[in-house]
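Each of the two complexes below includes chain A, the first together with chain B, the second together with chain C.
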Partner chain A sequence: MELRKSYFADQRKDGLHEIGQPRPRLDSPGHVTGKTAYFADRNFPGMLHLKMVRSPHHHARIRSIDTSEAEKHPGVVKILTAKDVPHNVYTILILIQVGPEDETVLADGKVRWKGEAVVAVLAETERAAQEAAAKVKVDYEVLPAVFDMEEALKPGAPLVNEYHGQNYYLYDSGECRKVRFGDVEAGFAEADHILEQSYQSSPIEHAPTETTGCVVMPEGNDRFTCYTNTQAMFFTLDNTSIILQMPGSKLHFVGGTVGGGFGGKVDVIVEPIAILGAKLTGRPVSFIYSREEEMQISSPRAAEKVVIKDGVMNDGRIVARQVTGYTDAGAYSRHSPYGAQKGAAHYPGPYTIPNVWIDTYCVYTNRTPSSAMRGFGVTIGDFALEVQMDKLARLIGMDPLEFRFINAYRDGDTKAHRQPTEGAALIECMQEASRAANWPVAEKYMAMSSYKKGA
Partner chain B sequence: MAKVPVQFTLNGSEKAEFVEGGTTLLHALRDKIGDTSPKGGCHQGTCGACSVIIDGELRLSCLTLAETCGGADIRTTSGLAEAGVLHPLQRAFLDAFATQCGFCTPGMIMAAKVLLDHTPNPSREDVVEALSGNICRCTGYEPIIQAVLTAARANSQNAA
Partner chain C sequence: MAIRRGRGVAAINYPTGMNLGGDPTQALVHSTPTGNFMVTLSSVDLGQGLKQIMAQICAETIGVPTDRVTIDTADTDTGPHCMGTFASRGTHRAGNAVIQAAKEARQVMLEVAAEELEVNASDLETDGQGNILVKGAPQKSISIFDVALSAHFKRGRSISGRGMFLIPRSYPEKETGAMKPSTCYAHACTVVEVEVDDETGEVTVLTVKNVFEIGRALNPKMVEQQLVGGSWMGISHALYETTEPYYPNRDHGGTDFNQYLMPGPGDLAQTEIIVLERPSADGPYGAKGPGEMCANPQIPAVANAVFDAVGVRIDTLPITPERILRALKAQAAN
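Let's turn to the complex of A and B:
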């Protein structure tokens, strides 16, 4: 590994002990010997297995639920429906005052996506739980569903989630998160060229090798130890406390070892219902997603649509940028209102543009609820922005890397969300990329710096 | 359900268990015998996390019935280190940063062990082929490939 010392020489201390040095991971010795304890490596005598009855419909009213045949199945110990959950309607981000509560632990009267949890079956073996789950009879009245964000935003579209009352998240700024900077219309009027393009992405599944799950052990003092692979330990603890109406002191969460997460294990889905099962039966409970559930049920990265309209001058300056972003939350919020908001803050990318207009919508559809994934809220936006940058460079006949030097943000620039830029290093990264990729740019760009001389 | 007696050696120790007919070797090892080093990632023979060595050959324990393993010599990653000294593969995985979440690691090491047992001086292509049944979602595979090649070199130097 080479550390190029010519950049930011005045800011950097030499004699670094860790950076640039190979260091073994602290958890590696456990991994290579097979001793690392993942949650599913805990096995307790008398442990019950939890399986979910899931909605086969994208959108339906539940007329009735009949568990009588399932209850008679050999090995079944307990069957849970919505009425068994103390505080059944929740939302993860209520902990930071992002409401309303809009999601059910177990469906109550309605299902809003295909795969939604309706009934939980606890049995002596995984097989008995699976077989009994197949005997639960749910009578559905199928409702019209909506899968496309722009369709969902049209008047008269099926209402996905009554807790919101409309198919978008209502921010304090209105139907979307907004950034307004300069005068974007004046910028377009001044521009030599205008380019408007639309970019779309599909949901993306994280596909960790270890599926989502937890193992719960009821302790003697009405306390519950939950071994979990959550990536959000305290969100999970606090939300479980709300859902089960149980003080946090009764909940002992053991985690930190995750067999691949990538953002896919930040939701609070398996722990509350497994702990409830352990509480009501007095026995250890294991709730582990099958591979099929991991791929179909666990939340993916949201589908996104990004519409970018840019005004650009022949000399390479972008003078106006208008972005409309749509984040497909699926049927429930989970972390998506935050993801869409983060997108608003992230546009217009690492470029200094004097006139910016951004709207980002968090939209509800009857698709699998989406949530975090690596680079939450910005990855798809970056894809769209950088493809757009290449197209703009082509439009004015300029080298795409030189075009980025002209527009790169530098220390002291005010970004569209009115934060002054500090510690920028884009210029230097591009200079190094130019060398490494053998993609030469004009000498004046190689002489640039993120420091503005005389600023 | 009727239980079936099954007896085999696991990492050199005699094991005897009663299992229900249809029980997988993965389930028997993890939940009956208590060797949790083989992992269940897909339970359908596609991820390789449950890989073990049976009579010298690489096998997916999630697709192997325990009752078919009578008399077998079964090896898992938990038995690889001898008297606390890491096997060269384990050492190389540590040094090459070939683990991240670690969930695929025991299966990867089993696949690599069988490769080196049969092919002490593998080419890079041999390594890629040998690991092709094991999915890793963290590393991008390159450090794992390097670790196996490093271990092979260490082995051949020791043998020389």
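Let's turn to the complex of A and C:
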């Protein structure tokens, strides 16, 4: 790695004592010698293991649940169903006033994705819990499912989630988050060329070294200590308090040393049910995802579809950009309404375009609920935007890097969401990339600056 | 049939912190009797090194070496509220809270030192090595060790401080989308060179040159570990990863690392990282959040390089050999 101190030197105070110094990490020796303690290193006498009975169907009505055989299985201590969860229908963003509550801790009457939690089994060993889970009998009536976002948005599509009433999230702005800036139709009318293209991604996994989980200890004072690898301590504690209808003062969360998050540990899935298990049995409880659960049950990054329509001039200026983004939330909201909205704030990318129209939709389908992941709401948008930029440059016969200089945002430019640009540095990054990659661009672009307007 | 070379570029920006703000983080700082400093937080270290960065920020602000600072975090019985470690917010939000808390503690520390030295607190400065000096007369000084002892046992003062950082929440205007998503943005430009085997569809990333603008490299070695890791993750996202290979079909999802593929050590591209620093107006010592940004530009850069190599556009992620071969077949048929 090289620090290029020549850029922005006038804006920076160098020569500090600790800041800017490559100090060795205080936690590195523990990490590399295996001495760092993670949540799963807690092992208490009498600890129970929790395993989930999961839906084998993408969409089904639950006619009945029979746990009688599972209860007789050696080592089984407690079996939990929806009726045991005090506030079973929840949504995590309710803490920042983003509703409605739309998900069940344990399925109640219906399952909406393959893998959804239906029954929790607590047993003396992992093996006993797993074997007993296989003996729980659930009678399902399979319902039509929808997996494709376009199909889900059509009239008459199977309804994924009754708490929403339609297969998209209803924002205060309507069926999508909207950004309107300038006159996009006028921009298309004046453009030398129009290019409309569609981009698609598939769900991906966070793939942390350490899978999601927690260990819960019921303390002697009616409190519960939860050792967890959540990425957000109080967010998880407060949501648990709501789900369990338990005062937050009864909950003590300990964490902060995590083997990789990437956005995969912000959903508040394992803690509430494990604490409930500890409360109802009076014993410590461990609930740790297997690698298979981490990959197919815990939320992935959403699949997204992005449609971009651009109007571009022969001289390289983009004069209009219309973006329609679709985020596949799966069966429940989790953080997806936030992510789709973040996309609306991000488009049209780091470019100054006078006419912009953005619609971003959060769509429900019968698949594993997606949620936050590194680059949430932006990563797939950047893939679409930057491939589109390459296509536009080639369409007008211009070098792709020079084409970006022409459109790059600079200090003082007004963005589509009506904020003035501050602290831009795209141009300098491209100038340095031009040098580093031996990708020459015209001198006028190398003379540009993010904060001194004019080429 | 041949191995074909191509080159692609992408340029991006990325917001620091939760979209639309409204995401608080608090910090508390206090000294021990012998002048070590405790920072109490509830922020989570995901492995990226948040604790180390908070220690360096506190040390710089108080004026002591980093090894005099201990981070006590992520215990809800002791740590004040942090919204969480996500949205490229840890360094920016928690760092600002730590600075505010450390400044308050530093002020008490200087007041106690001023009483001991019989000068005004405003005439004092720290040397970063654990001493407090009179400006312009550095021979007149006192160690922070002695100041802490005095505060605890003689003067009855608590060398401590409270810190809070919150960007007020912005609500998008319904019809126009007018809003304030973020206060600062990190930037990147990435150039990728690939080889594509037009017989097998296999893509080899030869080089990836990343230029990242991150506000301020608070600890350059840790910046490097995060940016190199992010660059690898971006390439993996572009070419390898999905839990649903035939999305929207739900079948064929991987359940372990034998089925869910990522590039291994033998597949690593020659990686170059160049860092620019344009300090953000509201960042701790100018820092922005590059944690998410650094994994994004490689994806479109790889896609553009594949087109440059073999002349087919793969507009669906991941860019698998199967998709490339199908596109080449369709191209040949036209």
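Keep in mind that, in the parts below, the second predicted complex is superposed on the first by the 442 of 455 C-alpha atoms of A that agree within 3 Å, B and C clash if a C-alpha of one lies under 4 Å from a C-alpha of the other, contacts with A are read in each partner's own complex, and residues count from 1 in each chain.
Heads up, the rule we're going with is that a contact is a pair of C-beta atoms (placed from the backbone, for glycine too) under 8 Å apart; a residue touches a chain by one contact, two chains touch by 3 or more.
Values in this document were obtained by computation on a predicted structure and should not be read as measured data.
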item: Which of chain B and chain C A:G259 touches, first, second, both or neither; value: both
item: Which of chain B and chain C A:T211 touches, first, second, both or neither; value: first
item: First, second, both or neither for A:F383, with chain B first and chain C second; value: second
item: Partner chain in contact with A:K35 - chain B first, chain C second, else both or neither; value: first
item: Touching partner for A:P22 - first (chain B), second (chain C), both, neither; value: both
item: Partner chain(s) touched by A:R291 [first = chain B, second = chain C, both, neither]; value: both
item: First (chain B), second (chain C), both or neither touched by A:R12; value: second
item: Winner by number of chain A residues touched, once chain B and chain C are compared; value: C
item: First, second, both or neither for A:K250, with chain B first and chain C second; value: neither
item: Chain A residues contacted in one complex by chain B, in the other by chain C; value: 22, 24-25, 27, 31, 207, 209, 258-262, 291
item: Chain A - residues contacting chain B, complex; value: 22, 24-25, 27-38, 40-41, 43, 206-211, 258-262, 290-291
item: Residues of chain A defined as touching chain C within the complex; value: 1-5, 7-8, 11-12, 16-27, 31, 58, 96, 114, 147-149, 172-174, 177-181, 197-205, 207, 209, 230-235, 237, 251-263, 266, 291-292, 295-296, 300, 303, 328, 338, 341-342, 344-346, 349-350, 358, 365, 367-368, 372, 374-380, 382-387, 389-391, 400-401, 404, 408-409, 416-419, 422-426, 428-430, 432-433, 436-437, 439, 450
item: Partner chain A, residues of chain B touching it in the complex; value: 30-31, 34-44, 46-47, 49, 76-78, 80-81, 86, 89-90, 93-95, 97, 99-106, 109, 135-138
item: Chain C residues within the chain A interface of the complex; value: 7-15, 19-20, 22, 42-47, 49, 51-52, 55-57, 59-60, 63, 65-67, 71, 73-77, 79, 81-87, 128, 172, 174-182, 184-185, 187-191, 209, 211-213, 216-224, 227-228, 230, 233, 237-238, 241-245, 247-250, 253-257, 260, 262, 272-281, 285-286, 291-293, 295-297, 299-301, 303-304, 307, 313, 315-318
